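The following blocks contain the structures, represented as structure tokens.
Next, two complexes with subunit A in common: one pairs it with subunit B, the other with subunit C.
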Partner chain A sequence: MKKSMKPEQLTCPLPITEHDAIQLSHGAGGKMMNELISKLFVWAFDNPALSKQDDQAVVEIGDQKLSFTTDSFVVDPIFFPGGDIGDLAINGTINDICMNGARPFCLSAGLIIEEGFPLKDLERIVLSMKRAADKAGVTIVTGDTKVVNKGNADKIFINTAGIGLIEHNHDISSCNLKPGDVVIISGTVADHGIAVMSQREGLSFDTPIQSDTVALNTLVEAIVKAAGGDVHAMRDPTRGGLAATLNEFARASEVGIKIREDLIPVKPAVTGACEILGLDPLYVANEGKLVAVVAKQKADSVLKAMQGHELGRDAVVIGEIDSDRPGMVSMMTRIGGQRIVDMPVGEQLPRIC
Partner chain B sequence: MKYLEEFRDPHLAQKLLSGIATVTTKPWVIMEVCGGQTHAIIRNGIDQLLPRQIELVHGPGCPVCVTPLEMIDRALAIASREEVIFTSFGDMLRVPGSEKDLFMVKSEGGDVRMVYSPLDAVKLARENPNRQVVFFAVGFETTAPLTAMAVWQAKQQGLDNFTMLVAHVLVPPAMTALLSSSENRVQAFLAAGHVCTVMGWEEYLPISERYRVPIIVTGFEPVDILEGIFMAVQQLEQGRAEVENQYRRVVKREGNRPAQELIRRVFQVGSRKWRGIGEFPQSGLSLRPEFEEYDAEKRFDTESINVEEPPECISGLILQGLKKPHECDQFGKRCTPQSPMGATMVSSEGACAAYYNYHRHQDDRVES
Partner chain C sequence: MKKSMKPEQLTCPLPITEHDAIQLSHGAGGKMMNELISKLFVWAFDNPALSKQDDQAVVEIGDQKLSFTTDSFVVDPIFFPGGDIGDLAINGTINDICMNGARPFCLSAGLIIEEGFPLKDLERIVLSMKRAADKAGVTIVTGDTKVVNKGNADKIFINTAGIGLIEHNHDISSCNLKPGDVVIISGTVADHGIAVMSQREGLSFDTPIQSDTVALNTLVEAIVKAAGGDVHAMRDPTRGGLAATLNEFARASEVGIKIREDLIPVKPAVTGACEILGLDPLYVANEGKLVAVVAKQKADSVLKAMQGHELGRDAVVIGEIDSDRPGMVSMMTRIGGQRIVDMPVGEQLPRIC
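Moving on, here comes the complex of A and B:
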């Protein structure tokens, strides 16, 4: 993450890397996307809220602090085990709003629909959005509809934006990790990405792998209640998976993160699917999990609070923060070796969220 | 028995590690042939847990890495054509040709699709009779039965819009070439378990005998690899040179006969160029004359595309086990997975990518 502006960044930033056209990897949550964001978007729109590069911006209107975010959803297939593009679009934005401890308040929804898209599929998606919003206690207060020529979009794309209210004075941000903190994951990793990928590749399993898409705002409430100001950062590890989130944390706070492979929960069916598909579960997307970094003295009470919540039953400590090798994530492997868990470069899976 | 967890068991791994430490009395150089094994070694940190005297060198068994630059350029030329749906295993998409990669062709409007099986490409050809569907057939003996089956099915179904760009290579000739080199340092091999699943291990007997080198057919999980190393060190220490099978739960002596038969019917053995190493005889597969109509190089007339490889990339030396990735001046500087100079940095099975992703900083520390 950018901490200060260097003189060379003041010149025209293009071309970015060696590409003069956008590649799929520029949207995949890895190094290429981060570079595009820093060198073009943050450079052009430069302001303090954006420069923090959290998943949500904090803006103040009078005395009220707001959490504001937007996200676009282009998942293919649009219906997958455990969810669809509709509830994904609602849950994803709610999760981005609330990862700084904000209470989600209202959402917008913008739909880009391809000509010829079946109305019954649209109804199914809209009802799924409605159910997800109701469940999270959030209303969709405004929206927009565009229809494009057949072939100019793939079935349906959804953009959602949302506002949440920050009703506490804690600094919960990716820049706020401290040596000695512990890293907690709320449950099994890689479920969403593998559910989507299995559907796409026609894989079937004895126990179907379901997407974990869900709104995490009540789990966040429970964590903030248990930890107060001792929860230092939270994030939902979506594109790029757990590996990308931990790398973003390590860079933003200039600390080292050490995790242990044997502590990271992965469902056996997901492990099997990852073997078949040649994927590393650490880099696969989640849509209903969060990583919380908490001061050591509060780790037990936060863990207990999470495990007492239905969305955090499998919560577990997976590692800790130290001051060695700032910006780097390393992992003790199951057999006792060490490896670096690097930021992914680009795509591991095409278009999963 | 779940065939996965037990081969990642930390206690078994520890037992094998102490076994290796006990039997090792002198330095030995062991090559794991297959890129999948290289990745498992680095990803699990196996090399750091071994006694200092055991040096693992990484072999040429990464199909993406050894596919020559000119073949990539031919793929790019074909994929850029308007009538073509170009299909490939995912790993090939980011391999750089002279100027671009398949992802860039895709972003320029080329119809490039990732498939998990060449049979999916045959299906695409059936569903798109007005398009030309091309599959990029890379890999060793492991993927050859699949691609042979694709051609076989295309012929049976009378598809005239399916072709393959064939870049198949064979393991035993590569091992022989390494062992015949005057610079060879390799004293034992972990042979590639998946290749042997198809081919069996009889063809390694003459190599082991002629060069007096232990060859252990080895699997891909940490416990497999440690057991393979243990068996290799035991042979070396006892002065034996035999072919042994560690991967017994999968590999049979005779291999998979129907798969071998299919390969023989569709392909013929001939000379092939290897990226970074050069051309050597009897080292690859091409389509038999009776399947010539499925040869993409002939259909799209790309045989005239020939290119030289960049001189500063040492992937050839790395593929022969003569250099380690971090010994390259360009490693982690001009050459990274984001902007690779050679295929060993591109493929997730490539030795350079494995070092970069998992070990880069340990190496930095050693050097500083």
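Moving on, here comes the complex of A and C:
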């Protein structure tokens, strides 16, 4: 890889991309973002925790194993059906903390607010953060507030970072998928992205589409309890959707992933909205779903545990891992064809989270 | 206090301030910011770690005591004499982590980038972050990148959060000042704020004024080694400057603080720039200085330890703690008068860090 390029050189192995300026796609969860992260951040900051490119770092402090993560939220609009930037910022970081089986412990909150932002809206967002944190049993222990001049930011951006405690010895990581494993999704896909997008575009539907934003830590607990070390990887498919998560998994573990289109749960209203908006639900962000990759012999018990949890009632097996085409995700379509599910390149939906 | 207003009510004890929209002053490190934090954040998130209102939270995970903090950086301009938003973001959070005597361990970095931001500038900033982290012996283990449309942010904002390990049993906190203690500053004040402000205003001086941005963790180590539990509080006086830090100390510990103007070190060029810009150096941000409040009997040995460290060569005693006027900071002026050093109310310098 780039290991021969020593960070000590202090000049980056450019070109990072073909562009000389940041594009929206560099933040979109797809190929261009991964390229930027690998070629610049992972190269420069060079350490094993970051290089794994999981959504959280595992750090050992003393005799304690911690899960540490950060996420900035820039969603537009800040209030959307089913949630707002406040609960999204809490739930999103809790989900990143716990996808390796860690128990979320505490959060930080860093707010960047545009001058002139209504105090009533700030109150609403802060109380929404509080409710989300309480519900997940996590405290917000430290924070920071910056205000920038009007026009220098769009309303409010929220960064949350968080610490979780890893109390097991399983290796739950995107690098740990094994041929024969089964891929489970915890419920319907694309709800969050479509809820935000509909609000932004002023679309309304007979059946309102709500964001699925929620903290998944108790569902994760149930999965780890049922599977122990036989759950090999978990991730919440946010930016870039299910397609990006599966591609990251396939590459990190150098395995092939085969899924079946007819098994992937999508709400009819979301399917309809995707058609109107010209979006593929596989690439649309979720904020309350997880993909779990589990050893075959534990698939049934994990599925049962998930279906018995309120956040996993619609959990289904959608595919499996093989060794045929390492790094590739392929899908059997509804009509029986086979197609490659590629990593998204660019930007379907800017500012979705 | 507001303890009777239960968070469960989920409506805030408004009015938070006399304003119904966020002002620049709400992020300025002064009275208005403190009011917003106390009446909204501390009230809503209600927990002992946050309520202390130190720059870092102490959290106990298992048998480990950790220092956890977050800070967002929105400085304008992003490149300034002596540093840039990258090393500022690393040093600033390292300093917040270690002011309770913790050993900084790892950092997260969350970047919000405006579409169109030059990749060359991003590379420069990331490498500056790397150098600062390496110098302080801290790794950046996890990160997040968001891109917003052109005009929705001003170039780049960086959030860093970080974890430190507390390996001592001393209570080093703004709540721990005691009458008789001595106040020490580690060097000249107002360098950072004036460096940024001069760059912004296009001022140039015969002697260039450089930001003092630097990680203070090794200086903190030297102080704790010299004083043990006799160092009662430390803080890096950033937004709001020395005046804000001393006022926060006086209020948190309900003690009086007396300082002497003629003892406070200010570079002549900085004094000159302050006169031109109409600023009081006591209220201008520092990014590489700390205030230590130390038991009298240890003042000499702490001072010696600081002066023997490259980041504390200009360390001096500037005042002492008494019980005369709890919560108040007063200063004997150069001409022998006495004046109150009040908490800054509003905004001297927006986007200084």
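We adopt the following convention: the second predicted complex is superposed on the first by the 342 of 353 C-alpha atoms of A that agree within 3 Å, B and C clash if a C-alpha of one lies under 4 Å from a C-alpha of the other, contacts with A are read in each partner's own complex, and residues count from 1 in each chain.
Operating definition for what follows: contacts are C-beta pairs under 8 Å (C-beta built on N, C-alpha and C of every residue); 3 or more make two chains touch, one makes a residue touch a chain.
All figures in this text were calculated on a predicted structure; none of them were measured in a lab.
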After lining up the shared chain so the two structures overlap, which partner does A:H19 touch, if you call subunit B first and subunit C second: first, second, both or neither?
both
Applying the document's definition of touch, where does A:E275 land relative to subunit B and subunit C: first, second, both, or neither?
first
In the superposed arrangement, which partner chain does A:G116 touch: subunit B (first), subunit C (second), both, or neither?
second
Touch count on subunit A, higher of subunit B and subunit C
C
Check whether A:I335 is in contact with subunit B, with subunit C, with both or with neither, and answer first, second, both or neither.
first
By the touch definition above, which subunit A residues appear in both interfaces, subunit B in one complex and subunit C in the other?
17, 19, 21-25, 350
As the complex stands, subunit B meets subunit A at residues 2, 4, 8, 10, 13-14, 42-49, 90, 94, 103-104, 106-108, 114, 116, 222, 337-339, 348, 356-362
If we count contacts the way the header does, which residues on subunit C are in touch with subunit A in the complex?
7, 10-12, 14, 16-17, 19-28, 33, 36-37, 40-41, 44-45, 47, 49-50, 56-57, 59, 61-64, 66, 68-74, 76, 105-106, 108-120, 122-123, 126-127, 129-131, 133, 139-149, 151-154, 157, 159, 161, 163, 165, 350-351
What part of subunit A is in contact with subunit B in the complex they form?
17-19, 21-25, 31-32, 201, 262, 268, 271-272, 275, 277-278, 325, 328, 330, 333-340, 342, 345-346, 350
